[in-house]
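We just call them A, B, C and D in the order they show up, numbering each chain from 1.
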Amino acid sequence: MQIGMIGLGRMGANMVRRLLRAGHQCVVYHRDPAKTQPLVDEGATAIHDLAAWRTALPPPRHVWLMIPAAAVGELIESLIPHLEPGDAIIDGGNSHYRDDLAHAERLRPLGIHLVDCGTSGGVWGLERGYCLMIGGDPEVVARLDPIFAALAPGAGSIPRTAGRSGPLSTAEQGYLHCGPVGAGHFVKMVHNGIEYALMGAYAEGFNLLRHAGIGRAERPRDAETAPLAHPEHYQYELPLAEIAELWRRGSVIASWLLDLTAQALYADPALDRFAGRVADSGEGRWTALAAIESSTPAPLLTTALYERFSSRGEGTFANQLLSALRYQFGGHREQQGG
Amino acid sequence: MQIGMIGLGRMGANMVRRLLRAGHQCVVYHRDPAKTQPLVDEGATAIHDLAAWRTALPPPRHVWLMIPAAAVGELIESLIPHLEPGDAIIDGGNSHYRDDLAHAERLRPLGIHLVDCGTSGGVWGLERGYCLMIGGDPEVVARLDPIFAALAPGAGSIPRTAGRSGPLSTAEQGYLHCGPVGAGHFVKMVHNGIEYALMGAYAEGFNLLRHAGIGRAERPRDAETAPLAHPEHYQYELPLAEIAELWRRGSVIASWLLDLTAQALYADPALDRFAGRVADSGEGRWTALAAIESSTPAPLLTTALYERFSSRGEGTFANQLLSALRYQFGGHREQQGG
Amino acid sequence: MQIGMIGLGRMGANMVRRLLRAGHQCVVYHRDPAKTQPLVDEGATAIHDLAAWRTALPPPRHVWLMIPAAAVGELIESLIPHLEPGDAIIDGGNSHYRDDLAHAERLRPLGIHLVDCGTSGGVWGLERGYCLMIGGDPEVVARLDPIFAALAPGAGSIPRTAGRSGPLSTAEQGYLHCGPVGAGHFVKMVHNGIEYALMGAYAEGFNLLRHAGIGRAERPRDAETAPLAHPEHYQYELPLAEIAELWRRGSVIASWLLDLTAQALYADPALDRFAGRVADSGEGRWTALAAIESSTPAPLLTTALYERFSSRGEGTFANQLLSALRYQFGGHREQQGG
Amino acid sequence: MQIGMIGLGRMGANMVRRLLRAGHQCVVYHRDPAKTQPLVDEGATAIHDLAAWRTALPPPRHVWLMIPAAAVGELIESLIPHLEPGDAIIDGGNSHYRDDLAHAERLRPLGIHLVDCGTSGGVWGLERGYCLMIGGDPEVVARLDPIFAALAPGAGSIPRTAGRSGPLSTAEQGYLHCGPVGAGHFVKMVHNGIEYALMGAYAEGFNLLRHAGIGRAERPRDAETAPLAHPEHYQYELPLAEIAELWRRGSVIASWLLDLTAQALYADPALDRFAGRVADSGEGRWTALAAIESSTPAPLLTTALYERFSSRGEGTFANQLLSALRYQFGGHREQQGG
C-alpha cells in the first residue's frame, strides 16, 4: 500500500523504515532534500513541495503526519489545497483529541477524512513495533488496516489472555480502532496519563530505597527539625540497580518501565547526568483536564503531573510563602540547605 | 538440601511444591495431619509437633515461616526451645522489617539466625517462580542459596539489561541478598508500596476511559452542579477490555499488572463481581510510614493507600463535614445520589 | 446611585436589601411579580420585562446579574437589545473568567461594558457584607464604586495589617479592582479553590480525631487485614464539638470556616443529617484546570476536588478494578463492609 | 497559684510573663542565671539547680516543661529524684502523644502525674493568649485550672457559636481537657496537621495567582514542551498583597493564617527573603503517621507534608530517575532551567 509521511523526526523516520521493511511504498516529504535522502536510500520516494502530493500518491491518498501537536493545524491548512475528496490525513502525533474534533469539522465539508492515531513506542518502536490507538470513520480506518498492521508489534511472544480464543483481535496484534474521530488520541492521552503515574510510582519507590540509610547521618536536635525517632531503622545501603534487576523477574511490579529503570540505574547508579527537571509534553495535562471536567477522581495521575511541575521550580513561590508564614507565626527562620 | 516449612496456606504450599520439584527435601509442619497430607503425597515429610524439628532436620536447621505477619513473633517463641545455635529461621511472609530487627535481637543471644525474605509472586509463583528479596547474615544467606535459586524464577526468557555481561547475577535469576537483617522485608515493603500506586494508576486511567461518554447524559443546570462546558467532548464509548489488551503490545505502559487488568476486564467487563471495597494488607502502610519518617516525598504511594481507605468508607465522616459546611455557609443541601 | 438586579435568589435578593439599606435605588427584574414583591415592599422598584430596562434606569445603565453561570450567556443576548453604548453589565455570579472574556468581546463592538465581580459571602452576606473581586475597565469600575462600597463589609473591627497606614485601600474595605475583564472571576475562582482545600483540611483533621478510638474495636487477624500494631495508641474518645470550639481561640488555625465547623458539630455532633455526597459547583474545577494549564503545582486544591468526586461514587469503577486485580494476582476476595 | 517553668525560650518565657501578669507565682529554672534574670526582673523567682524544686515549690508541685520534644525524656529522668508522689509534670511542648504514654507509665509507679498540654499561639501568645489542649488525670487537670485559664485567651470578642448558652465552657475560653494522658498532644498533633494543609492551600492559591500572567511570556514550540493552548487566558498581573488583604473581609476563607499572609505579602511582595526550603517540626509527620495507622484517609494533610519535604530537595533523586526514564524510552534530553 502507498502512504505519505510528513515529519521525519525520531518517530516518523523509524515508522517509514518499519513500513518499507513490510513492503509498503512510502512517499516522504521535507523541504530539504538532505532530510529525505537517508530514507530514499532505504527505499522511500521523496517530495519537497506539498503540491506534489497530488501526483505522488494515487487517490484516495493517505498522508500521515508525525509532527508536534502545536504545528498540526497549520500544516492541515497548507495540505488542504493539495488533497481531494476521499483523501485522508492521519494525525499520528500527540495531538489533543479536541483538536482532532476541530480538524475533522474543518475537513468534513471538503470530503477529506481525518484519522487520529495515538502512537506509543518511542525510540524502541522500529524494533518492537508501535502500539496504535486509532479513531475515525470505520471505512477509512479499514482501508488503512495493512499500514496499521505493519506498524504494530503483532502478537509476538506475549501469552494470550486467559479465556481468549479464536482468531486474534487487532488489539492482540497491537492496534485498535477505538471509536470515532478523537477516540484514538483520547485513549493515547489516558495512556500517557497512566504512564506519568507509573513512572512516578517507581521514582518514589527508588527514592525511598535510597533514603534507607538516613539514620547513619547526624541530625540537628532543635525545635526546627523533626526528630528521627528510630535512626536504627534507617541503616541500610541498598543496591538499587540490582533491586531493579531483581524485580524484573517474577515480581508483581515487573513492567517495561521497570526494564528501563534497571537499564538507567545500571548505566549510571547515581543518575548524575540528570538534574531532575522533568518535562511534560502535553498528554499528562490533558488527562488531568479530562479527569476534572468529567468528574473522575484521578489524584495519582494528577499528582504525578504536579510533581513534574514542582521539579522545574514552578512551586517555589508557594514554598517561599510557607517559609514566610512560619516566620510570621513562629519566628522560625529558614535553615540552610544540606 | 533439607528445609522445613511452617504455614501451608496458598503461598507456603506452592513453595514446598516448587522446592520438591527442584529436588529439595521438605519437612512440612501442621498440627492437623489432614493439612499436610496433600504435600506428603507429593513427596514432603510431615511433622505435627514443633518439638519434632530437632530430629526432622539435620543441623544447622532451616525453618521457613510462611504465616501472617501478626503471628510471627509468637511462633518464633514457640520454636526457640526446639532449635539450637547455628539454626536459622527464615521469615518469608509479609513481616514489617522492624519486627525482623526485634526478632533478630531476640534470637542473636541464642545463636539462632534470622533471615528475612520478602516474597512476591502470589498465586502465580508455583508456575512463574517467586521473586525473593533477602536480608540477613551473609554466611547464612549463602548456605540457603540452593533454596532461593529453586524458588526464584531464574533468568527465563527475559532479555538481559543492556550493558550487562558475564555470569548472571542472582538478581538476574530472581533473588537478591539486599543487606543485613530487615533489608529483604524493607525492599519488599517498598515493592508493595510501588505496587499500590501502579495499580491505582491503571485503575484511575480505566475509570477515566469509562467516563469518556458522560457528555451523553443529561445534567441538571443549577447553581449546585458544575456545568459540563463541552458535552461534545465526552461522547465516546470505549472498549475497555480491548484497550487493556492493546496496551500489552509495544506500549510504554505494558506490565504484568496490565496483563492481569486485561484478564479481569475480559472476564467481566463491568467488574460487577466486585463492590470496590479495597483491602490493604500492611506493606502499603509501612511504606508510607517509612516515607514520612525518612522525609521522603511519596505522594503517589500514599495517595494510592488513602484511596483504598476511602473505598472502604473510612472518609465518610470527613465528607459529611464538608456537606455540613456547605450547608452552613451557602445553605446548600445535599443532592441525592445518582 | 441607581442599579438594576437580575437574579433574585438567595444571593441576589440579599444584595438588593443591603444596597437599599445603604440608600441606593434598586430596580429588580423578574417575569413573575410575586418574586419581586418582597423587595418592592422593602423599597425596590420592579420591572417584569427586559425591555423596561431602558426606561427604568438613566444612562449609563448598570445591570447586575446574579444568576447561574450556565445561564449568563443567554441572558446577555436577551439584554443586548435593551441596552445602549456606555451601559454596563455586571456579572456578579460564579462565571468562569474565560466566559467573561468571551462576553466582553461580544459586547465591546456594541459599546456595552462588562464588569465581572466575584462575590463571596453566601447566606451571611446581608449581615456581614460581601467580599468583592472585580475585573473590568477602570472608568466603569470607578463609577460603580458607591455600589461596591455599600455591598462590601467595610473595614469593620478587623485589625489593620502591620505596616499599613494612611487612608484605607478599598481592599481594606472589602472590595478590590483586580485588573481587566476576567480578573475578578479569576481571583474568585482561586479563592474558591483555596476554600475547597481549607474545608478538606478541617474535614480530614476532624475525621482523624474521630478515628482516635479505633484501638478499642476488635480487628480480624488474617493475611487480608493490615494489623494495628499498637491498639493502645488509639484509645481516645475525643469531644469533637468542643475541640472545634477551642481552636477558635488563640490557635493558629482559627478561621471563619472553623467557626462554621464548630457550629455544625455543636448542632449535630454525628452529622447524621448528611450522607457525605459533596457537590462542587464549578470554581474548584476551574482552579484545577488553570493550575494544570499554567504549570502550577496545586496538589492540595486538586486533591480536595477529587475527594468530592469520590464522595459521590465517581471512583467506584476504579476501586472495583483494584479489587479485581487483587483477586487476579493474589486470590484475595473482597471483605464485607463494616 | 505557684508553678515552675523549665525551658525559657521564645514560648516558655512569654508564658511565664502571661502568668505573672495574671498574678501567679512562677519559679523559673535555668543553669545560667543570665537566662533567668529578665524574668526575675518581671517578678519571677529563679532556681539554677533541679534539686531546688523540692523547696522552691510547695507540694503538690507543678513543673511545666517548655522544651524540644527530643529532650523531654531525659529531662524527666533528671527531675524524678527531685519530685515527690502527688507532684505533676506538665509537658507543654510539642511531644509526640506516644511519648506521653511512655512517660506517664514511667512516672505512674512513682506517684508522679504527667499532664500533656498542646500549646498553640507561637510568638503571638503573650498578647493573644495560648490555645491549650490538655490530657491527663481529671483531678490534676482540675487543680491546674487557674494556670490554664490565665494562659488561655479567654472568650474575648469572638462571637458565641449559635445555639450555645449558659456559662462558658472552658473550650469557649480557650482551653480544654480532651481526655486521658496523651489526648492533649493528640489533638495538638492533628491541629498542626490541619495547619500544614491550610498553609499549603493558601500557598498554592497565591502561587496560582502569581502564574496568572504566564501567557505574556514566550514559550518554545517543540515536542518537549506542553503547549499553552490559550495564552490569552493568562495575561493578568494580579496585586497579591491587596488580594490577601481583601479576603480578610467578608470572604469564606478569612482566617488568622490569611491575616499573616497579608502581612507577609505587604512587607515583602516577592518574598525574596525566603528561599522556599520549608521545615517541618514533627507534628505534621505524626499526624500523617496516625492517619495511616488508623486507616483514615488524609491526602491533603499528608501531601502538604510531602510538599515540604520536596521543597528541601528530598525528591530530587526521584526526579532524576524520571528524567532518566524519559531519556531511555523517548531519547528526551533535559531542558535547561529557566
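One rule holds for everything that comes next: a contact is a pair of C-beta atoms (placed from the backbone, for glycine too) under 8 Å apart; a residue touches a chain by one contact, two chains touch by 3 or more.
Computed from a predicted model, the values in this text were never measured in an experiment.
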Query - Count of contact steps on the shortest path from chain A to chain C - result: 1
**Report entry** Greatest separation from chain A - chain, by CA centre
**Finding:** D
Query raised in the report: Rounded to the nearest whole Å, what is the centre-to-centre distance of chain A and chain B, using the mean of the C-alpha atoms as each centre?
Result: 29
Query raised in the report: Hey, how far is the Cα centre of chain B from the one of chain D, in Å?
Result: 37
Report summary line: chain B and chain C have mean C-alpha positions lying a whole-number Å distance apart equal to 43
Requested in this report: Among the residues of chain D, pick out those that touch two or more other chains and give their numbers.
Outcome: 122, 200, 202, 204, 207, 211, 226, 229, 252, 257, 263, 285, 291, 293, 295-299, 303, 307, 310, 312, 314-315, 318, 329
Report summary line: chain A residues touching chain B in their complex are 97-98, 101, 120-122, 125, 128-131, 133, 152-159, 161-164, 169, 171-176, 178-180, 182-183, 186-187, 190-195, 197-198, 200-202, 204-205, 207-209, 211-212, 214, 226, 228-230, 232-239, 242-243, 245-259, 262-263, 266-267, 287, 290-291, 293-301, 303-304, 307
Report summary line: In their shared complex, chain A is touched by residues of chain D numbered 9-10, 68-71, 94, 96, 122-124, 199-200, 202-204, 206-207, 210-211, 221-227, 229, 257, 260-261, 263-265, 268, 271, 273-282, 284-285, 299, 303, 307-308, 310-332, 334-337
Report task. Report the residues of chain D in contact with chain B in the complex, numbered from low to high. Result -> 252, 285, 288-289, 291-293, 295-299, 302-303, 305-307, 309-310, 312, 314-315, 318, 329
